[in-house]
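What follows is chain A paired twice: with chain B in the first complex and chain C in the second.
Now for the complex of A and B:
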């Protein structure tokens, strides 16, 4: 390392002095560039380059025959996309099914998380004894390490010795056989509940912060006019939280649609069809069959879909704002 | 830009006042900038090299090898304890240090994939022998040509059954056998005696026995019904009993033939119609859970490879409390009781220590080391003429040696074998899940699922 360092150093210095003699520059001209450089380098290294690589991979026949030497992988053009989008074939049908499950999952998780977060934020808006305690309590799922939380859920959702079945069937004496939660159709509801548990404290946190910026006078004025809490919420809280909600819903949508960790930790290696979320589906498609080109094509399709939805969403929202 | 120079006030002032000072300042600044750039480079460089230098060719005089061992003992730590004295012995003999990492089965395949993809690989590693042909096709592993075989003591020192799993037929194999394994039907002697039963010799007898033993909260059988690798193995074994092949001669999948469908159906029926398996087994995602049920007397029989021995004993069941017979086939079917299971050893092609790696493979497959390791890992010998030493129970040793030598069929030696395991195995996980949650799986359902699996394999090929 030290040998290279010296050559680099002298090389750089020599170049700079030559440039300086040709055209005098103000001292310190380089500072902004130097300050920007790390950000640009890291943006390239951790963001742009992997993304471009992924897109490039999606046009290759990158199966295990070529995985040890990517350069030899033949270019297949749009073949990977054709397979992924041929909904009559097993691969395409699986992807479509996974997409629909993920869409339902996202609508439920984002909707319910937002509702819970809003309810909790409004409930804790006025100061009362113990408010700090509840605020802390509600934020715990967000503060817990993701894996620890989901693994705890995994234990609770076991059939024979899990806390959920124990509570309903042994303690409350519910009739019937204990159901499976992590395999079969119930797996969908399990992953929805765990994802809501993960996500709603974030909605709560954001909305709570948003509520701090609404001045008390408007509530007092509306109360003088005879507005009841529900009316106050719909006529004051909701409109004044609009900028917060706009960003919050978009971010929650993107996170939830892309959620990989929750199903991966909850279901382990083999995901049940009912809990086949799209990120996990793509992971399986790439790693189980070593077909990374096909997996990359699916990822690009997912990226395009999310870009499209986000674009339309922002367009509509901004237009409405302009009209208002 | 403007803000930048304004904030940098000392430098601007200098420029106005003294040219000489300016030069000095400039040099200083340049030095500083260069140093910063170099520091940044150094950070990125070390960041990259953090993971690479596994192969340790740079480790000065004494050579170092990196070895990934699969989990053979009762735990990862147990593996380390067993292997460390042997590695020490190797170092004393040759001066080559071996860095050991034991990797669990859940991670091993992904770790190998990552190693192949990135080229940041160990020198020597263990693979499940059923992956041999699949991994060979990646081209990332060193083929054992005649020179390499001479270096490790000759191809003929291995049992032929085991050596045949080393890679695709007609090519130089990319792996050599290390530990031999075979499936056996373990039964609880006391439970069989109490019910007045003798160990089964046909499938029908086995089901009848299991039904009798399924009583009072106990079950006849435990299966790792949520483990795709176990399920795939039994799809193969049951299909092989029916005389059906999973791949045609040219390597194309033939999952949907009647023999395969019937074989899988027979295996599923242990839970579905015979009801001798607890439905909770659908969540058993590794073999250990079934072994635990067996060792604690909750079930009368399990199907497991001979390395279950160490786990059974670790769970408190004594060696004379259980017996082993071959997994029985239906009357009139082919007498296949197992696939040729086991662990092979491979060398990564891009190793910088090829000679040291070959020496290490020779050491690990030497009679002394094999004898020392077969017992704690409960493995069958892979060396020709060697005696099974994994158990003190002569009867059990004889049964397993017989299954391995005479009743085992190798899994298809084709590149797509691993895809068979993942697609068909996972489909069977779902079938068991359906049965466990109250649904039924008909032969038509099995055929439909196998058609999907077959299409997925064809699309990847």
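Now for the complex of A and C:
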């Protein structure tokens, strides 16, 4: 700070001769920093400091014996990581299983949500009677508070008094016993469907906004040249939406991989093994066993994985952009 | 331009399938809230045996829904206003000034979006407890704690979206204002903000929805004193008798303000996205 103050003084005197290379600060140079200060302070307190603390905790033996005076918890180095990554132990095997389930969940949810969002955005691209109504309808699941939508699904997926079993077995007359949807292996498909229901309107919204920036005469010109709709989509729509898609897919990937809310509200406290998504798994590992050091180590591993995937993704995307 | 048969078929099928997928849960929610209790305990029906508004009356007694509602309204509104103000300043700096650390700030803020909530949930909880013991400021179990937590959740995306929006406003406008003798802050208030209204609305909607729907931190940071709807609504199912009709009625009630607000302002929201995020 004192260095900057001297520079300013000498700058004000108009003789920034010392060092020679440094330019005098312009008046009001501090303004952008002052404007950013509130954002920086809140981000530090709520995100950065807790994250650093979390990383530090992952090196501690922070079990319930030390939770009240966690400053005294012994340092165990990489022990928590070793346990989490030892796939022969129960803890490691559980984490690996949860990771694989989450990976499958994310691929299905992001892929299908993107497909549905794209289909709807293209279907509503040209104006027709009722377009405004359907656009509004499709956005409702996004506007609904997430827990309200998920609780409605939870009711629909009940075995005996739910709408899904009623539809298949009473309305359509399917034979056999009504299955459970929220426990057992079906739980995976339930959480996938519910997550898609919540996520696809966001893809629709972003793609719809992106489509509005494509001028209409591009389509008209290509139609004159005899291009069919599918060809128009692959030759015009998709390339023009590239910047949107780049951000959209990354954001949807991060949200879905980290999704805690959907399984938490859908399954309540007892998550079925088939719906054991990783955030939920870590939450339970921390709060049920009170082993917070181990939970923190798992969270750090999750963060590293997300960083790695995002980094590779952005690298590939940027390289392709340079080549194009 | 004439539409081909294939394109028309695609449009109709897409709209029909997605329409049904979207509307069924909403239908179930609305109609089940108008059913007597025996209807939701037995086999599901698409229409109630008798239409009743009883669930809408009883739901206020089963759990203290009104107080959860008040908490959610206060927390979400204050968090939205604060987040919007902070985001305006930060976006203005990013959009209009070229300063050292600009890129670092933008990337860091945006990358907090990828932090798994479970990573900083417990540390944040412990930090709040420590602030309480050392400075006497109670943050766990109070609305203040939730407000400052939630405002940072919407901040990264808000800053990013608004900075994009500000970039779209010609610099000549605020340069002209400065020539007329406006300081940078007056230029922001009198020139940029009025022009950026759709973007501001979009960001405000986004922030409000983020706070209104947050579950993970609410489940750890709230006690009876500051419980929000996100946690409160789940308390219906922990009762010995699951009052599905009341849960659905309550879901409708907590959804109505936000859904109507969103739908009324959706044009602004799309415009904000188009100008900001989608460039």
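Note that the second predicted complex is superposed on the first by the 290 of 324 C-alpha atoms of A that agree within 3 Å, B and C clash if a C-alpha of one lies under 4 Å from a C-alpha of the other, contacts with A are read in each partner's own complex, and residues count from 1 in each chain.
Basically, a residue touches a chain if its C-beta (ideal position, glycine included) is under 8 Å from a C-beta of that chain, and two chains touch if they have at least 3 such contacts.
Please read all numbers here as calculations on a predicted model, not as lab measurements.
**Q** Check whether A:28 is in contact with chain B, with chain C, with both or with neither, and answer first, second, both or neither.
**A** Touch partners of A:28: chain B and chain C.
**Q** Per the contact definition in the header, classify A:192: touching chain B only (first), chain C only (second), both, or neither.
**A** Neither partner.
**Q** Counting only touches as set out at the top, which of chain B and chain C does A:89 meet: first, second, both, neither?
**A** A:89 sits against chain B, while chain C stays out of touch.
**Q** Counting only touches as set out at the top, which of chain B and chain C does A:268 meet: first, second, both, neither?
**A** A:268 sits against chain B and chain C alike.
**Q** One more residue to check, A:149. First (chain B), second (chain C), both or neither?
**A** A:149 contacts chain C only, not chain B.
**Q** Could you look at A:297 and tell me whether it touches chain B, chain C, both or neither (first, second, both, neither)?
**A** In the superposition, A:297 contacts neither chain B nor chain C.
**Q** Would you check which partner chain A:160 touches, where first means chain B only, second means chain C only, and both and neither mean what they say?
**A** In the superposition, A:160 contacts both chain B and chain C.
**Q** More residues of chain A in touch with chain C or with chain B?
**A** C
**Q** State whether A:183 touches chain B only (first), chain C only (second), both chains, or neither.
**A** A:183 contacts chain B only, not chain C.
**Q** Looking at A:258, would you say it contacts chain B, chain C, both, or neither? Reply first, second, both or neither.
**A** After superposing on A, A:258 lies in contact with chain C but is clear of chain B.
**Q** Show me the chain A residues, by the header's touch rule, that chain B contacts in one structure and chain C contacts in the other.
**A** Touching chain B and chain C on chain A: residues 28-29, 31-32, 35, 38, 45, 160, 268, 292.
**Q** Considering the complex alone, what residue numbers of chain C touch chain A?
**A** 1, 3-4, 6-7, 10-11, 14-15, 18-19, 21-26, 28-29, 32, 40-46, 85-87, 89-90, 92-94, 97, 99, 102, 105, 108-109, 112-124, 126-127, 148-149, 151-152, 155-156, 159, 184, 209, 212-213, 215-216, 219, 229-230, 233-234, 237, 244, 247-248, 251-252, 254-255, 258-259, 262-263, 266, 269-270, 273-274, 277-279
**Q** Help me check something: in the complex, which residues belonging to chain B touch chain A?
**A** 1, 4-5, 7-8, 11-12, 14-15, 22, 25-26, 29-31, 33-38, 40-42, 44-45, 106, 110, 113, 116-117, 119, 134, 137-140, 226, 228, 280, 282-283, 285, 349, 415, 418-419, 422-423, 426, 429-430, 433-434, 436-437, 439, 451-453, 455-457, 459-461
**Q** Can you name the residues of chain A that touch chain B in the complex?
**A** For this pair, the touching residues of chain A are 1, 5, 8-9, 12-13, 16-17, 20, 26-32, 34-35, 37-38, 41, 45, 63-65, 67-69, 83, 89-91, 94, 158-160, 179-180, 182-186, 268-270, 272-273, 287-292, 294.
**Q** Which residues, counting only chain A, touch chain C once they are in their complex?
**A** So the residues of chain A in touch with chain C come to 28-29, 31-33, 35-36, 38-40, 42-43, 45-51, 53-54, 57, 70, 116, 119-120, 122-124, 126, 128, 134-149, 151-153, 155-156, 160-163, 165-166, 170, 197, 200-201, 205-206, 208-210, 212-213, 219-220, 223, 228-230, 243-244, 247, 251, 254, 258, 260-261, 264-265, 268, 279, 282-283, 286, 292, 295-296, 299-300, 302-303, 306-307, 310.
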